[in-house]
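In the two complexes that follow, subunit A is the common piece, with subunit B as its partner first and subunit C second.
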Partner chain A sequence: MKKHRIAVICFPGTNCEDETMSALAAGGLAAELVRWNQPERLSGMEGAVIAGGWSYEDRIRAGVIAARDPIVAQLRSMADAGKPVLGICNGAQVLIEAGIVPLETQDAAFALAPNRNPFVAGYYCTWVCLRKAGKNGCFTALVDEVIAIPIAHGEGRFVSSEKGLAESLLKKGQVAFEYCDKEGNVAHGFPVNPNGSMANIAALTNEAGNAMAIMPHPERASFVRQLPSKEKGNFDAWGSAAPAQAIFSSMKQYLDQGCR
Partner chain B sequence: MGEIELLVGLNVPDTTAITAFHTLKRMGFSSLNGVKRREYYCFAVDDSAREYEEKLGRTDILVNANKHSFVIGEKGRVIAPAGGETGVLVTEKDDSCSGILSVLRERLGFTAIYSMRKGTLWLLAFERQDKAQAREIAERLLCSRHYQQYEVV
Partner chain C sequence: MAVETIPVTTYAEEELRSFLRKNELSLTTAEARKVAELIGRDPTLTELHVFNIEWSEHCSYKSSRHLLKKHLPTQGSKVIQGPEEDAGIVELGTIDGEKYGIVFAHESHNHPSQIVPYEGAATGIGGITRDVLCMGAKVIATADPLRFGNPYGKNKNRVRYIANAVVDGIAGYGNPLGVANLAGDISFNDSFDDNCLVNVVCLGLVKEKDVIHSKAPKDAEGFDIIVVGKATDASGFGGAAFASVILDDEQEQSNKSAVQVPDPFLKNMLFRASYAVFEKARNKGITLGFKDMGAGGIMTSVAEMCESGGYGAEIDLSKVHVSVPGLPAHVIAAAETQERFTWVSPKSFTPEILKSYNEEFELPCVAEGACARVVGKVTKARDFVMTHNGEVVCHAPIDAVTSGICYDREVKKPQRRFAEPDLAEPADYQQAILAVLHHPNVASRAKVYKHYDTEVQGLAIIRPGEADAGVQAPIPGKKHGIALSVDANPLYTRIDPYMGAVNAVAEAMRNVACVGAVPYAMTDCLNYGNPEDPFAMHDFVEGLKGIGDAARNLYLKGTTEPVPFVSGNVSFYNESAKGKAIDPSPIIACLGVLADYSKAITMQFKGKGNILYLLGERKDELGGSAYYQTLGELGAKIPIIEFTKERKRLYAVIDAIDARLLASCHDISDGGMVTTVAEMAIGGEADGRIGAEIDLSFSSLRADKALFSESSGFVVEVSPDDEHALLSLVEMQGASPIRLGVTKGSSLRIIKRGDVIADITLEGMKQAWATGLAEALQ
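The block that comes next holds the complex of A and B.
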């Protein structure tokens, strides 16, 4: 069976493209690297992932320059057409700055502000737990209720100046993942919420659910070998799927079902 | 009691300012002729802090003499856009700068500083001062209304 073609978008400074392509391939998708200045290569693609890292050194604010690149206008069209568009970490910052997530507007309804954490200023990396909060959709249908996943960012705090918007998105199922403890309890405050995000938001989607901005890195938790040492177990199992790979296999299932 | 402002600029080419300039041109701000950027700090100090004006510029954490130049002085006397330039000062809405403040107070002995703010001063060069365009540029690129604020100076 022919595999669905997914573009992995690289901006100057992206550094997670290899892991992202491996995770997509393991999820049953055909990943192709597309650079920011090759927007014409998006035609024929059935979905896109903006990989993590940096874009333009995160000058001004993380993701804001890339969000004004011509290729992002095409990603907006892909999202409007129902194709899956995923932004991981810096990719999430690009989707939020572009306004593609969560309200599909030209003006960003949210921002990813510098982390607020009582112990560490700026960049912070650790393993966290996520709880599926939204409706089962394009990126979440096959995901367990609670998954462990790493974060690594300096500007990952979901904030909005629009009162009640976070709560409204939660009600509408557009908060795909929330930070939680190992048991799945959404406890507010550090360390469960590692960056001070409003309403513990770790990932938001657009209204249709086919575009998602996620700050943690599913591509870094897609294989058993990537898990923390005590969870790796037998060496023979290191190549097998870890829970976060289900985000990519959910994407495949969504495409198999004709983007429904 | 008073306030001291510190502006820190790069002596080497400022890639952030250059990127901002090219992005704004691409966004259609054709009358823009250039963009400069300065890191901005404002310290609330008590009266015993007169000597800080010189000392603050010599702390390696705010100014690196190898690549930065700085201007420091009483609030209101430091930000002085050149002819044709319009300044946009972007600051975070609720940033207490607790990390830098504790280093300045507890490790470097600047005990007369009791609070501080930081931000970025953008200097936008037009044919002549254009506050309306500066506001539009702030809202469309330089400032995120969700956690930042700006003033045109």
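The block that comes next holds the complex of A and C.
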């Protein structure tokens, strides 16, 4: 069977394209790099991943400027058409700023604010655990209940001024992942919640579940070799898939099933 | 039209001196007159600036070049490229029929970081990553050896400000660029109060056949010279010269303007566009020359590239894209504006280069004024010619420009006296141990490295904090691993500049061995005081002898070759205007290679009931130790490295890890053996749950000396099932293992002649160790 073609979108400042390409390939998908100034190349693509890093120097707020790039309008159409659209780290910030996630409006219902972290101010890179919170969907169907994954960001705190929105999204299954401890308990506060994110939110989806904004980096936790040494012991072969790769294999399964 | 020349040959001595000073030229009057002699006439102002930079210590290594050549081994069977170019290249191995190399470079950015710490440290990362990229490599890792003043001393506020801003600068540049932090070390003491050290190390991956050299290739006559990157401005003008003088408070303002302005976002794009050019050139079989624009800007980059290819160059400075109009010729020629490179390309390929930068990656839209432009050509005539607005501003023999000068500086042995303190045995061992664990030179570095992206590119196997060295799998899908560590203890070199340097090499190698990697190559950054001071020069020469002897005597495993120095840097004039020199600091980076990265191990205990062995007897060698530091003492007896024993232990550890016999391994360094064991229990993330019981009966030393001596060695953990096999392996290598204890319980129990002299809970140790650095940086 022909592999599904997935665009890996790079803005000026993206720096996670290599690991994103590797993880998609390992997940059975045909990934192709697409620069921000090549929107025409999106036709024929069955899905898209906005890779992490920075965009336009993250001026004003991470993702704000890229969210107004012409290529993002096309991503919105892809999401509307039910195709999988994933934003990782800076990509998540772009999807949130564009309003593609979580409410499918032109306005952002959430923003990603500077971390609140009592240990390290600003950019923070560490490994955390995520608990699958939403319904099984496009990016989560094959994912274990609790997975280890790294974060690397300075502005990763999901916030919304709309009262009760986080709770209602949780109820509707749009909170895809929450920060949790090793046992899967969604304990509030640092260090389990590494950035002060509202309701421990690590990833949100749109209502249909086919567009997801995730702050941690599944593409850097897709192979057993990438895991911290303590986690590696639970697996047989270092070259094999690590739990977070299931986010990409779920994406493939969703495409195999005709985006349903 | 002729440009005005400066009558250096006819000026009176005082007149010339004042002219040079007024124009911020650090040439001596004799050197200025030598310029006229070399070019056969009075020079133009631009020419004086050219020689000013080329003859600076930073560019010409005028006090050190001949000594480096004499003392350092630089070649060997694993060397693809020695120190002649921007970076060295070490063989990683042949994979699917292609030979891969690791590009390895090491620099300092000390003075800029002292004056403007964020920008200084950021541009340090910027410069070293450019050096690695321009060998045609994918840039994959950085490491940062840092030295700061005393965070509890009389300059504590400034010291803390500088330390925090340097760390922010490294993060603020390296993170957006997308190069993972793999290793580093930090050390604090008073000698760095007025002159911090910010060294930077960088690694890249390249196939041997794809290496691009920083010189004009064969048959390059008529090739285009292309300047790419940020629009040239006046920033960093005089940077190389500034690196070659002592920092003076009164000149703080002009010093500040010598620091460059970092733009990691533009650099990120330049990297990606350059990778695209590499690919196009590979596909078309085109040979190019590519060089970083660092010290001395355009003129150094172009002159060195064309000269080393056997050519001359002609460039038109009016064609260089500038950010402000009206910059004088010598500023355009020599400004050290960041984020720029030079290409030498056949005319037929030039459009491809311009297209990658200017159209595909749209540099002009991403950063104002940034682009790629043809500014000149390679000439057969061996002259370096620069024109500006139709006038010739520089016309000098190109070899005269680049050949530099050399000084044989006076060396004089200083009379220094050090004595061992007469200390009573600690009444409370728990307190003594916790004080060492809490000391800023020992405590957890998490506060710093958690600020760096250690994961980007997805290559990390062992990250900072998990072990003595960081490990990456540079080629996804292949089992080859590389390990990197950086080291030097400034107090050892303060006491003994020779043996301290030997220790730096040995410890860097031990660290790499601790994860199971074979030390393959090293780089050195030699940070010293004023070379015109015979005492400082003595320390420098002793340091060079030390690292040279260590490299020659700690062979490349399996051979009797030295472990080569493939790249390096010398940084002199590290002292304050008050004449206080820093501790001699030969900082060593060691690159190791693992045939199979899945064998790499960390320092943390893996199981209860395992046996702990000590490799390396304990000696009364506490000079410069962390223990003495906690007591306000320096001491005199630093660890002596015995090369034969050191080699045997290194090989024993590497072979034992290769045979999968060790559960964990940690070298003995700052804080001594007890710190080693404590850190193995605590774990890099301070989440360890396994304690240990150790027995000091093997040693005739007083307990505090046995615990805190920093004599070279390792502590290893082995499961009872593997104990026999380990002992025969270690004994076969000729290293004598000492049974130290077992892993058990949830505390560190220390026994001496049947008495428990300390029993410290894991929680207590974690608390002390995890907070020591954070408190020092608050």
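Please note the rule applied: the second predicted complex is superposed on the first by the 256 of 260 C-alpha atoms of A that agree within 3 Å, B and C clash if a C-alpha of one lies under 4 Å from a C-alpha of the other, contacts with A are read in each partner's own complex, and residues count from 1 in each chain.
Following the convention adopted for this analysis, contacts are C-beta pairs under 8 Å (C-beta built on N, C-alpha and C of every residue); 3 or more make two chains touch, one makes a residue touch a chain.
For clarity, every value in this text was computed on a predicted model and none was experimentally measured.
Undergrad: Just checking: does A:A244 make contact with subunit B only, subunit C only, both, or neither of them? Give me first, second, both or neither.
TA: neither
Undergrad: Quick check for you: in the superposed arrangement, does A:E57 touch first (subunit B), second (subunit C), both or neither?
TA: Both partners, subunit B and subunit C.
Undergrad: Once the structures are superposed on A, label A:R68 by its partner contacts, choosing first (subunit B), second (subunit C), both or neither.
TA: In the superposition, A:R68 touches subunit B alone.
Undergrad: Taking the superposition as given, does A:C125 touch the first partner, subunit B, the second, subunit C, both, or neither?
TA: second
Undergrad: With both complexes overlaid on chain A, does A:A113 touch subunit B (first), subunit C (second), both or neither?
TA: first
Undergrad: Which of the two partners, first being subunit B and second being subunit C, lies in contact with A:A199: first, second, both, or neither?
TA: So A:A199 meets neither subunit B nor subunit C here.
Undergrad: After superposing on the shared chain, does subunit C or subunit B touch more subunit A residues?
TA: Tallying touched residues of subunit A, the top partner is C.
Undergrad: Applying the touch criterion given at the start, work out whether A:I6 contacts subunit B, subunit C, both or neither, answering first, second, both or neither.
TA: It touches nothing on subunit B or subunit C.
Undergrad: Give one of first, second, both or neither to describe whether A:V159 is in contact with subunit B, with subunit C, with both, or with none.
TA: It touches subunit B, and subunit C stays clear.
Undergrad: Output the subunit A positions appearing in both contact lists, the one against subunit B and the one against subunit C.
TA: Of subunit A, residues 56-57 contact subunit B in one complex and subunit C in the other.
Undergrad: Give every residue of subunit C touching subunit A within the complex, in rising order.
TA: Subunit C residues touching subunit A: 168, 171-172, 175-178, 265, 268-269, 272, 360-362, 366, 447, 450-458, 460-463, 466-467, 473, 476-477, 479, 597-598, 601-602, 604, 685, 774.
Undergrad: Help me check something: in the complex, which residues belonging to subunit A touch subunit C?
TA: 10, 12-16, 18-19, 22-23, 35, 37, 53-54, 56-57, 119-120, 122-126, 150, 152, 217, 219-220, 222-223, 225-226, 228-230, 238-239
Undergrad: Would you tell me which residues of subunit B are touching subunit A in their complex?
TA: 15-16, 19-20, 23, 26-27, 92, 99, 141-142, 144-147
Undergrad: In the complex, go through subunit A and note every residue touching subunit B.
TA: 56-57, 59-61, 64-65, 68, 108, 110-111, 113-114, 121, 157, 159-161
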